[in-house]
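All remarks here apply to the structure that follows.
Should a chain be cited, it is by its letter among A, B and C, assigned in written order, with residues numbered from 1 in that chain.
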Amino acid sequence: MILDQLRLVSRQVNVQLRMRTFNWYTVALFFLQPAVFSAVGMILSRAAGNQAPDLVYTVIGGGIMGMWSGLVFSSTYDIRSDRREGTLELIVGSPTSLRKVEAIRTFSNVMAGLVSLLAAFLAAVFIFKYPLQQVNVPGVLISLILLLFGLWSLGVFLANFLVWSRLSGSLVDFLELPVAVLCGFMYPIQILPNWMQGISAIFPIRWALQAMQASLQGSEINGIIWQKWGLALAISLVFWSISLWLDRKVHNMIRLTGELSSI
Amino acid sequence: MIKSVIRIVRLYFFQAWFSYRALFAWSTPFNYFASKMGFPFFSMLMFIFMGKYVGLNDPIYIVIGNILLLPSLNGVSGMSMTIGGEKQFGALSYLLGSPAPRAPLFMGRAFFHILDGFITVLVALPLAILIFHLDMSQTNFLLVGFCILLISVTATGMGFIMGTVTLVSRDGWMITSTLQIAFYVVIGVNFPVDLLPPVLRAFSSSLPMTRGIQAARLALAGAGWSEIAPLVLGEILIGAIYILIGYATFRFTERASMKSGMLDNL
Amino acid sequence: MGSFAIETRSLSKTFVTKRGFWRRKTKSTLAVEDISFNVNQGELFGILGPNGAGKTTTVKMLSTLLLPTSGSISILGLDILKNTLEIRKRIGFTFGGARGLYGRLSARDNLRYFAELYGLAPEITRKRIVELLEMVGLTGREEDRVETFSSGMQQRLHLARALLHNPELIFLDEPTVGIDPVGARELRAAIKTLIARGKTILLTTHYMAEAEELCDRIAIVNKGNIVAMDTPSSLKVRIGRETVIEVDVDQQNLESLKIQLVKLDHLSKVEYSAEKLINRISIHTSEPENILRLLGPFLQAKSIQGLEVRNQTMEDVYVAIIQGEKK
């Protein structure tokens, strides 16, 4: 039973990887765009007369940015290419639910995004000499796991809109940067006006990220961190349940409109 | 004489409209505005908040820079796709086979991109006054308008070159998209180019738009012609060089492809 | 429910499309109007009709990919709305055209992927793939990327994909569209094999000859309605055992021939068409000898440019029915 599921996962990932030939967009999103945003952050910091940039936000934040952009791009790419190839309809018509297929794919896309975070982390440590001894390792790891879980839940949530119709799918592209702005990838969330902070509260990744940033800066695991972890987990679960409900809606919707067969 | 002029003018506008439409087949006005203004707006917000965090409390420098970057979307990426995209649509062989005069054909592709880039800035500036309280009380409007138009034109020069590269090599658009991202750093959009390391600064002064953006900034703040003349002339020079190189490479590619049938094989 | 493989009652489907962004305009297309039919177990049932008749829409409703606007469907005795999952496990389907395969993957990997979606165990998958590739004649090409396949090969691979999980009921939507005559013949041979193995098949096509060759029964659809449904031979009989005479005649003699034709009896259909100065008269009749007698003088005067006498084909039946529908 579990073996069957694992096989399904491996087959999915296999196809996913091979459908994507080496893709410059992915490289640009995982490495180039984060590097450029980091560079802007560093030079702005110098322009403001600071001695050294804040590595957690400028460099590692760039990695988070890469993870997020990469996730949005690769998830939209997967569904769009299935739609174009006409295989989306065949997946829907198979006994394996599209929801399961999407969950697996999004998961592998989230894990692929770790490359970007890892690159940023290595850059921070080896190029910019981020002081490692202060880092609260368990805190960072737990936050990271919750961050990945949050990204996964958001990815699956957004996948529904991509399946629904091409129009609603194009909304997903336009959500990419606003979410990045709102969730405080490259600056502390407190910089934002209050109303924006209010909106960003609905994103699980914001909370996981805050806990991670604090742990990187050496905060111990205290009540505040626990609270953020709790929120990250709870909101992720809320997104999962919305996705479950939405999935059923979308499945019926596409069978009413015949949207699947349109290219 | 008159007839052939009319013919060239007609060809020019037909080309312009046709290629512009073929590229931007917007399905909805929402799509149009979102990709024209939405993406640049949110990346600008990102830079503003990054600046605010490090202690730059006045976002105006970043706001103006990102607005002046808008024509590059049309000029560089749009143009490059227009020319490079011909190949995908298979329209290139018809075009190359046609006896149409080359210069208007070539320039025709740029017209609507220049216009669109120019108008986008004109729409964005009032928004900036509204949202970020951009102060235009000292502004020399005529000069600013001229600078914006100039940036829109010189950006297409680079677009021509990138487009031709895209025609020849499948991977040309990689360079284009890389450049588009690099613009955030190298042409003085978010901070003065003086802050760049020497190598990048040299690179930045060889690019179109760098001087034009700076000139437009100065004119916005009230500078007169005499102050910005060196920058404007420099921008015109660089722009002309890019356009000429673009035209030359296009003609060269065209001839080479006729000999070898290369474009069909791509 | 009886032993029908497919049972539909008053099936209809209206597509509602929305256009525009600020002012949404809705446009509805009645793709399937009122279709009822049953397909027996082991039968090869054909749906025949021109483009846009609603064939694909019907097949998609039957294969759980579209929800009907009204009417009921039961597949293998199961209700389409309540038992969607169970039905999906027991049916296979292909849709015409090149779409529906991963071009960058090999034939074998495509099949493996879909086998996974149908929950087949690896040993079974391995065996099935070999068998199926053999059956559709793609042995030897299993490691090649599908994008290098001709459209005929892709269609056959589609068929193999649809058969992976050994479905009882198979829907084939225009399986031979866009492929060359040889490829089409091979595909038809594969379809016959399936019927011999006891599968039930519903096939759509707009090729008359294909339907006649393959199908036990044919439903002719036009504009979302079934306009005739019977075995190929009874469909022919229904129009009567008539002879078709086609005469090409020049302009001067057209009028006088017309006048004489009007006087004759037993003409079920007379049609005039003109193409490049030649006027063609098509006459369907049960008494061809009368016509030929009438044509005698014209033949002698060499004013007939072409003459063809033949028995009615399925093509004529089809055209007759579709045109009858238009009037």
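The criterion applied here is as follows: a residue touches a chain if its C-beta (ideal position, glycine included) is under 8 Å from a C-beta of that chain, and two chains touch if they have at least 3 such contacts.
Please read these numbers as outputs of a predicted model, since none were measured by experiment.
In terms of the distance between Cα centroids, chain A is separated most widely from C. Chain centroids computed from C-alpha atoms place A closest to the centre of all protein C-alpha atoms shown.
Chain A and chain C have Cα centroids separated by 47 Å.
Centre-to-centre separation between chain A and chain B, using Cα means, comes to 31 Å.
Distance between chain B and chain C, defined via averaged C-alpha coordinates, is recorded as 53 Å. Shared contact sites, meaning residues of chain B that touch two or more other chains, fall at 28. The touching residues of chain A, when paired with chain C in their complex, are 4, 7-8, 11-12, 14-15, 18-19, 21, 85-87, 89-96, 101, 252, 255-258, 260-261, 263.
Residues 24-25, 28, 32-33, 36-37, 39-41, 43-50, 53-54, 57-58, 167, 170, 174, 177-178, 180-181, 186-188, 191-192 of chain A are the ones touching chain B in the complex.
Looking at the complex, you find that chain C touches chain A at residues 15-17, 56-57, 60, 63-67, 85, 88-89, 93, 95, 97, 99-105, 109, 112-114, 116-119, 121-122, 161.
Within the complex formed with chain A, the residues of chain B that make contact are 27-28, 31, 34-35, 38-39, 42-43, 45-47, 49-56, 171, 174, 177-178, 181-182, 184-185, 190-192, 195-196.
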